[in-house]
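I am attaching a structure below and will ask some questions about it afterwards.
All chains are identified by letter, namely A, B and C, in their written order; residue positions are counted from 1 within each chain.
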Amino acid sequence: MKKNFFVLLIFILFPLAMLWADQLFYVSFASRVMIYAIAATSLNLVLGYGGMISFGHAAFVGTGAYVGSILVAEGVTSAFIGWPAAIAVSALAAWIIGALSLRTRGVYFIMITLAFAQMMFYLVNSMKAYGGDEGLTLRQRPSLFFDLGNELGFYYVVLAILSLTIFLLYRLTRSRFGRVISAIRENEARAEAVGFPVFRYKLACFVIAGAVAGLAGALLASHGKYVNPNVLHWVQSGTLMIMVILGGIGNLWGGVLGAAVLLGLEHLISDYPIGWLAGIAPNYQQHANLGVGLVMLAIVLFAPQGIAGLLARRKHAPA
Amino acid sequence: MSWILIAEQSLNGLQFGLMLFLLAAGLTLVFGIMDMINLAHGSLYMLGAFLASTFVQLTGSFTAGVLLAVPATALLGMALEVSVLRTLYARDHMAQVLATFALILIINELTRLVWGSDAALPMPGALSGPVELMPGLPYPAYRLVIIAVGLAVAVLLYFLVTKTRVGMLVRAGASNREMALAMGVNIRLLFTLVFGAGAALCAVAGAMLAPLLAVQVGMGENILILAFVVIVIGGIGSIRGALVGALLVGIVDTIGRAFLPILFGVFFQPRVASAAGPAIASVMIYLLMAVVLYFKPQGLFPARG
Amino acid sequence: MLRLESVSKRFGGVAATERVSLEVRAGEVHALIGPNGAGKTTLVGLISGALASDAGEILFEDRNITRVRQHDRVRAGLARSYQITSIFRKLSVLDNLALAVQARSGSSFSFWRPLEKETRLFDEARSLLEEIDLQAKATAVAGTLSHGEQRALEVGLALATQPKLVLLDEPMAGMGPEESRRMIELIERIRAGVTVLLVEHDMDAVFRLADRISVMVDGRLIATDAPEKIRTNPEVRKAYLGDEALA
């Protein structure tokens, strides 16, 4: 517990330090990392804890992003309306998609979630009124009590939401519900045979994750003041999956670690050229995905518990 | 709406469906026999196209280029199987999904490094003109060639799978893996060969479709989803299912895209039709999949009992 | 208590069970025997609700449960154990049982309260531990138990749902003599409080425990009777008991 407070303290002091060093860009960058951490954590709930391989999670992030953006574009600039609306619509979408998909399992489930994500992608793509395939740009961020255009303010709001999300996940996994979900993940047939209506629990898990993903989407759109259909593409689901597996699947901090490491590496690679590497392959910075792919493959093959797993192992290994 | 248009689009659907079949056949076998979800299957299709483009440029002949690309891709596929994919057979589906997704990223970037983001594979001049199938029905010669190649490969596959010993082993493996293992077959070699065959089929599809679609990094992902839809509809492990599913998907998708916007235009205002038409058309095959799964949750011809 | 009327189930072209009519009376231990592939496990699946029958009716306590889902059947008091051990390997033995107790004690759509605070669940689980004689292994991870201990936990999970009728599918599968003896004792202990439908190959256990025996061959029920009658039934001897000298 003490460790968590220490970490939280660093997060709280970080933007003030950046402000003092006149590096406000990093505050905005950190906000973006935290938003992705929220999205990845929501996927971790469904994927890591629930054991459901959903390739359509980006659809919920995208739904939240579009609901949030459309409301702002139509003049509703209060985040108190926009963000809960995003959560509600994403939860509804997750309910419908989950109810239809969770009747299947295995590859059929993957395919159906993927199909639904693609359907939403094409649907949004065809909405010419809201930018179609070019996307929707917002003139301003929504506002809470204050204008969220203030980077520091926005940062603290996102930090609060992320902390709440992690805390909620923590409580959830130790609750009755959490126990049922992990039992279902481990042995679905027996869970049903012991008297749990498995379908209802999986659906609930799916909806909760979808709702949180929607919130992350709304935050994302608010942050960048821009949204386009690619947010819903199944490859984006893959990116979220990379974060989860990188950070530690089924681990409380998996989403946070994964988002931080992936986005951090991305930033480092593109903004800080390594001299000797550039000497060998001049365009290496444009091929960052190669590194991402290799790392991800290595993790799946050799360190399936991700970074969190490696950290845990080092802690327990003899000195 | 003339019957010529309908005939034309139907042939296009047939052509697309046959190429989808080539992809789906390999995918369904790998899934059925090795119980492995291979997302990188689309990457083999892409590699086939890129390799064909290179070989065509080297040899100056379209046919030679395609014929060289097929074994080359098969070799790459088998190398991939022996090195990386083999370790995934024992893992669960999630690990396979994540690992092969990582492979997509790796192969995409390596392709970019070697070839750049796209490559050129122009239609062979001799086939670029139309053929008069019937009076008043011109149809591109090249597409006819694709149909011919597709049918030829389908027939060849049919013979291989139903009339040869290897084919029997493959079918046995698809319907009951433990049984195949118990039969004491050199399972590792069989798997590698099956994978190589699948890669070869991908290469044929990739090379043949290249002049019509663009050869670019990322082309695999788009067609991969369609291939998965096909095998889900057709039934996992079944080549017959892959054929029927592919033809269904190919025809529904093509005809949907061609006629749905027109149909919408009849009933709705132009603004709505021009937006909703293509959107719904893109979604047609998913609706098809949902309908099939509702009535037959294991697909049309499930190989597994 | 349980009545099957002409229940049939086909898999592809094969009839796994064909017009099986069976009756289990309240309070009895009713054994179901038959050669491998006779359809016994399929029947257990049909009764428990894991499989849907193609024809026929299943009545439990005079209520038609043919279309009722598995988890609802469990709630009604019908539980099963598995022939191939199907426990929660990563959880401790106590947690395994507590989970089953949790299933029947209120809703698990509780997201906030830590499970460890629910002492009543764990108390019940502990008393179950005593019944299946695994107190010593309460905190052991289920996957580390010996085969016999896992089979006992297997039965324990079924019992934890407080069933009126429990379907035991070959509880003694793969057990040596000592472990089998323990399992027989366990069944003797529980029979006072629950009706048992016992599928078994171990003839010692069957003849020792059963009030009545039903015999299944090739998907059909060929006889139901008291143990002695079954032992001497010529059809049964021919089809199943055959050369097994069971004097």
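To be clear about the criterion, a residue touches a chain if its C-beta (ideal position, glycine included) is under 8 Å from a C-beta of that chain, and two chains touch if they have at least 3 such contacts.
Every value quoted in this text rests on a predicted model; they were computed, and no experiment measured them.
Identification of common neighbours of subunit A and subunit B yields an empty set.
Comparing the centres of all chains, each the average of its CA atoms, the largest separation from subunit A belongs to C. Between subunit A and subunit B, the centres computed from C-alpha atoms are 32 Å apart. The distance from the centre of subunit B to the centre of subunit C, with each centre set as the mean of the Cα atoms, comes to 47 Å. As a whole-number value, the distance joining the C-alpha centres of subunit A and subunit C reads 44 Å. If you check the complex, the residues on subunit A that touch subunit C are 168, 171-172, 174-180, 183, 186-187, 189-198, 201, 204. Interface of subunit A with subunit B (complex): residues 47, 51, 53, 55, 100, 104, 106-108, 110-112, 114-116, 118-119, 122-123, 125-128, 234-235, 238, 241-242, 245, 281, 283, 286-287, 289-290, 292-294, 296-297, 300-301, 304.
Remark: subunit C residues 48, 50, 69-72, 74-75, 79-80, 82, 86-91, 95, 99-100, 102-104, 108-116, 118, 157, 160-161 touch subunit A in the complex. Listing the residues of subunit B that touch subunit A in their complex gives 31, 37, 84, 87, 91, 93-95, 97-99, 101-106, 108-110, 112-113, 221, 225, 228-229, 232, 236, 275-276, 278-279, 282-283, 286, 289-290, 293, 297.
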